[in-house]
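In what follows, chain A forms one complex with chain B and a second complex with chain C.
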Partner chain A sequence: MITETNRWRGAVAFTLFAGAIGVLAQRPAVLLLAIVGVGFAAYPRLLSPPNPNLVVERAIDPETPERGEDVDVTVTVRNESDEWLPDLRIVDGVPPLLPVVDGSPRCATALEPGGETTVRYTVSAERGKHRFEPLIALVRDASGGRERRIETDDRTVIDCSHPVENTILRELTQWRTGTILTDDGGDGVEFHKTREYRPGDPANRVDWHRFARTRELTTVEFRQERAGSIVLCVDPVSSGPQAGTDATRYAVACGFGAAGRLATALVGDDHGVGIATLDHSTHWCPPKVGSTHLSELHEMLDTHPGLSQSTEAAYVSDGGTPHRSDGVESIASGDGFQAGLSDSDGAEGSVAANRYAAELSARLDENTQVLVVSPLFDDSVVRTAVSLESAGHPVSVVSPDTTGRETVGHRLATVERTNRIRTLRRMGIPVVDWDVSEELGTTIGRTAERTGSTARVATQVRNQ
Partner chain B sequence: MTPTHRPTVVAAVLSVAAGIVAVAIVGDAPAQRQALTIEVAGLSLLAIGYATWRRRLRTVGVLLAIGGVSVAVFGLLIGASEPARITQTLELLPGMVGLLVLVGGLLPIRSGWERRLVAVGTGLVFLTVVTSGVVRGTPTTLLLVAAIATVLSWDAAEQSISLGRQMGREATTYRSELVHTGSSAFAGVVVIVLAIGVQALDVQGLSLSGLVALLMAAVALSVWIYY
Partner chain C sequence: MSRSRVGTALRWVAVLVGLVALGVALLTAISPSVERTIPIEELVAAVGNDYILVAILGIAAIAITVGVLLERAVTGIDENTLPLVERATSETPGSDVDAVITDSPLVRVTDRQRRLHTRLRKTAVDTLVVTRGHSRRVGRERVDSGRWSEDESVGAFLSSETLEPPSVPRRLLSRLSGNHWFRQRVEATVRELDAMERRSDR
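Moving on to the complex of A and B:
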């Protein structure tokens, strides 16, 4: 996109002024100064508009930082075209939630053909998955008269979320050996019951102690451990009054991070894992097993548009105040959560939630569980979860809590969220209420303990 | 770390330097040069004071800046009283005030006013150049060089503000500033050569109506280029 900056417009005024004075005062030398104005008015027209070919590489170190750790970002921009770029302005798309603590993500330079420049800066990591926004390059010709704006789409992701070892799953049921305990007897490690011997039972399952005591043949059964098929249903909070606020972006970043880690843990336990997003779109990846599939899942999470709900504003205008903030001042103090608002759009929202639940339900196999990852910012998520549950898919919810307590609006949002959690639990849907300053695995373990289940590698959580 | 969207340093310094050159070229009487020298010293002191203030040495910075402004105003007073003829004063004063306003716009003394102050400042410098041509009949070549210096001063200031707005003062921008100002200076040299060529055609021999016709052509060309 080429824009005229019209920066040399003032030369016309220069021409008129010098010309007028020259004529009025009858001074040819002053009249001659008008040529200077005409010359500079024509100057930008004599240059061809810039036509750059830029190659951008972004490296981050470390790629999976701890919370609060400094992450060094190095962006290299190379001029692959065979012309000079006299005025190249680079603004890297710093993830909105990560504050820049050292250096500047911006730079202006001139690049010869084949030349390259490097921008180095440091951001401070926050919990969750954070995607860089497109790098913006503004290229002007030597006069500054024409400007071409380029966005490069290298979407690097900084993942600052803890690995989880426990996952939350409901009783389960698909016939494949795995790690979820069932109430059915069979092969396994945990004792289930003994029963009468039936011909064909393997000799190592016969209870020989009892045979020695009573001469009766009995067979020991263990609780069967099976693998499940789970769909992670991630909520990008793309609509509603909370959409686009910093608190929401933070919740979504944490949610996507958690979804990625849960997917890794579940696939590691040989479950089939799929991903759907709750934004009524077609983002859908059916449950499968295996590490190839896992990288597909991560790819899908990393590239989902909901992950960086950029504030439209990434533009850098030199005429007004630039909109892009290089990181937020404070996540908790966000401007979101105006009071009283999230009682989402009543009947309409309800219809949409039901329709979405029906669409998703149609895609799921009978035995597929749904694990909803949502900050529970509006009621439609609750409706969707309840609809899925009543359609026969066991639903569990992991809910990152990023709501603050500072203002009345924040406290009201917190109360509403607590009510939603209560509603879900009343419907028999287990909810992990995850305070994001803790590790998710710890919270899941505690939730499992409280509900009386054993926290194992894959934790089974019964209805609360 | 919030970026500071103030004009970038290198182009700002180039801009003020070009402005000083423009004023110095037309104000070549000893009294004028003396007044200008004092003002430049005051402006440098002001800039140093501002830089000190930004580096958290608030008191020292403010004292230096006040000292700088005082020296610059003293230079203005000398420029107003010292020169032997009233024409020299008329010629010099707008430029000296213009330089002060230009520096004020590039510091900037008020955020959001950079472009306005720079336009007024360089406009006043140009007024000095034109006045010099009218009241004193300064040689054409000197007048042309001073006019080009004025344009360069405005152009560098514009580049400085634009880069400051988009990139912030923390970003590394000097290459862009130098290359841009350099190519504008080159364009200026070409324009001088053209103008001297036009002068060699002996337009001065033309009647006033001929000159007016030429002027109208120039105006039509500029207007066609932009509207």
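Moving on to the complex of A and C:
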């Protein structure tokens, strides 16, 4: 959209005034003043408004950095139109969590048709998935009287998430060979039990040592290893008191990064993996297997509006509960625990969370389990997880911890989050409380060791 | 009428006056009868001479220019500005609570303080449920009675469903002493909740 800058406001009035007086008085000196004014008044109108066609290319190196590593960003802006751009000002959409440590993400220049300019700068990588905001370009005509603001639609993502080697899953599995150990005997690697020989049992499963000792035919059974069907339920913190605030940014970035890495690990082990987000059920990708599907999952995570760090772009607040700016109703909204878990003041949020859980549950087949990735800033996540568990879908939770203890407010937020974790665990839902300063795989492994005795959690380790 | 609309109306009036003046001026140039109706020579004679007239017009032009500049200084030109993106912007969860405590007014009780009080009550009940194994009903009763904490002032702070501030003189005194009553009670409450969590961890 072209806007008037009003830089030359008043020039016309002054010109008319001086010109009129000059003519009236028939004095050349006064008329001369008007001629100068005519120049200023006419100048911005003689120029056509800028109509640029800018092409932006962004390159980052490395694409998947370690935490704290410097990432070089190179942005090239090319003028593809056939007109000069006499006044071009650009600033790249640096992810808000990544500070610029060298160079500058902005420049001001003029570009001839086909010309290009390059901006180079360095950011310091931080844990999580970070999407660049749109590059903003301001193009003005030579007079500066009119300008056009352009935002490029770019989806470059810096993924500073460490690959995970462990994933936490529950026992429910499909009848497909995979890597989740079950309590059912059959084919597999880990010994399960021996039973009486039945005709048709393969010879290599007969316990020949026992036969040699006792002359009894017995068959060895191993714990079957099957594939799971898992839906990663990612929380973009689009509801609750923290939604849309700067406090959620880091947690959301870590959550989306973790979800991407967990999806990669699970698909790599031949599990069917799908994704839903805890803001609206339209963000849904059903569980499937294969590398093509994995690419779709990553695309969905990378382009989700909740990953936009400028949260006001995806969600706006009207003084109460933030909601999506595109008019789509957020399903999981409100505050407070549900009945049985909660105070009565959470009734509205409880209904919304139950409705979301019911909608998601309707999409899941009976063998699908849910892996919630959420910083647990909001009680509605707890309600949703419990509802899904009650509906027969085993739920596990991975929760990135970005809380602190420096101030009173930080400590209160920590207590609230700890309460939510304990509530989930009391309901039999395993929670991986992930301190984001360490690797997610390490925390999952530790959690699995601690909860393994409950026999409700089946943990599988990749590449064993 | 809004300020921008007044400004726009004034600009159009100025343009209109300018157009009328220019029209009259052009008429005087092409029609001697019109020129005779306007006493230019008398005006110049009354002023003194040409230079004084030019000086007067010059002063008027400068005044107009200064006026435009002053208006621009107040309203600014309407150019877009590019956002600051160089610094990382992030907060730790709970910063909203710190803001409520820091911005507590001298005497008045705000809605934000009331909401924080409600939040603390709910957190106290939740903490009793998960750390001591109480039912929610029992947890709520303990908070209502103030018996959830051994610190009587902390227990009393959350015992009422609505925030009950101390008397105005005590509020003033607490502020003057540099330890705002609301801040003091919130800090003590959070300290107690935190201690309950830590004790149950052991």
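We adopt the following convention: the second predicted complex is superposed on the first by the 394 of 464 C-alpha atoms of A that agree within 3 Å, B and C clash if a C-alpha of one lies under 4 Å from a C-alpha of the other, contacts with A are read in each partner's own complex, and residues count from 1 in each chain.
Assume contacts are C-beta pairs under 8 Å (C-beta built on N, C-alpha and C of every residue); 3 or more make two chains touch, one makes a residue touch a chain.
What you are looking at is a predicted structure, and each value in this text was computed from that prediction instead of being measured.
Within the superposed three-chain model, A:R411 lies in touch with chain C and out of touch with chain B [touch as defined at top]. By the touch criterion defined above, A:Y43 reaches chain B but does not reach chain C.
When the two complexes are overlaid on their common chain A, residue A:R149 makes contact with chain C while staying clear of chain B.
Residue contacts after overlaying the shared chain place A:I35 against chain B, while chain C stays out of touching range.
Legend: residue contacts after superposition of the two complexes on their common chain; A:G244 is shown touching neither chain B nor chain C.
Touch criterion met: A:T109 reaches chain B, while chain C stays clear of it. By the touch criterion stated above, A:P305 is placed in contact with neither chain B nor chain C.
For chain A, the partner touching the most residues, choosing from chain B and chain C, is C.
Judged by the touch definition given at the top, the superposed model places A:G268 against neither chain B nor chain C.
Contacts of A:D87 after superposition on the shared chain: chain B is touched, whereas chain C is not.
With the contact threshold set out at the top, residues 6-7, 9-10, 12, 14-19, 21-23, 25-27, 29-30, 33, 89, 91, 99-100, 104, 106, 138, 140, 144 of chain A are in contact with chain B in one structure and with chain C in the other.
Across the complex, chain A meets chain B through its residues 6-7, 9-12, 14-19, 21-23, 25-43, 45, 86-89, 91, 99-104, 106-110, 138, 140, 142-144, 316-319, 321-322, 325-327, 329.
By the touch criterion stated above, chain A contacts chain C in their complex at residues 3-7, 9-10, 12-27, 29-30, 33, 89-94, 96-100, 104-106, 126, 133, 136, 138, 140, 144, 147, 149, 241-242, 245-251, 336-337, 340-343, 345, 375, 377, 402-404, 406-419, 422-423, 426. Interface residues of chain C, counted against chain A in their complex, comprise 11, 14-15, 17-19, 21-22, 24-26, 28-29, 38, 40, 43-44, 50, 53-54, 57-58, 60-61, 64-65, 67-68, 71-72, 77-80, 82-83, 85-99, 101, 118-120, 122-123, 125-127, 129-131, 136, 140, 186-187, 190-191, 193-194, 197.
Residues 1-3, 5, 119, 126, 129-130, 133-134, 137-140, 143-144, 147-148, 151, 154-155, 158-159, 161-163, 165-168, 170-173, 175-180, 183-184, 187-188, 190-191, 194-195, 198-199, 203-204, 208, 211-212, 214-215, 218-219, 221-223, 225-226 of chain B touch chain A in their complex.
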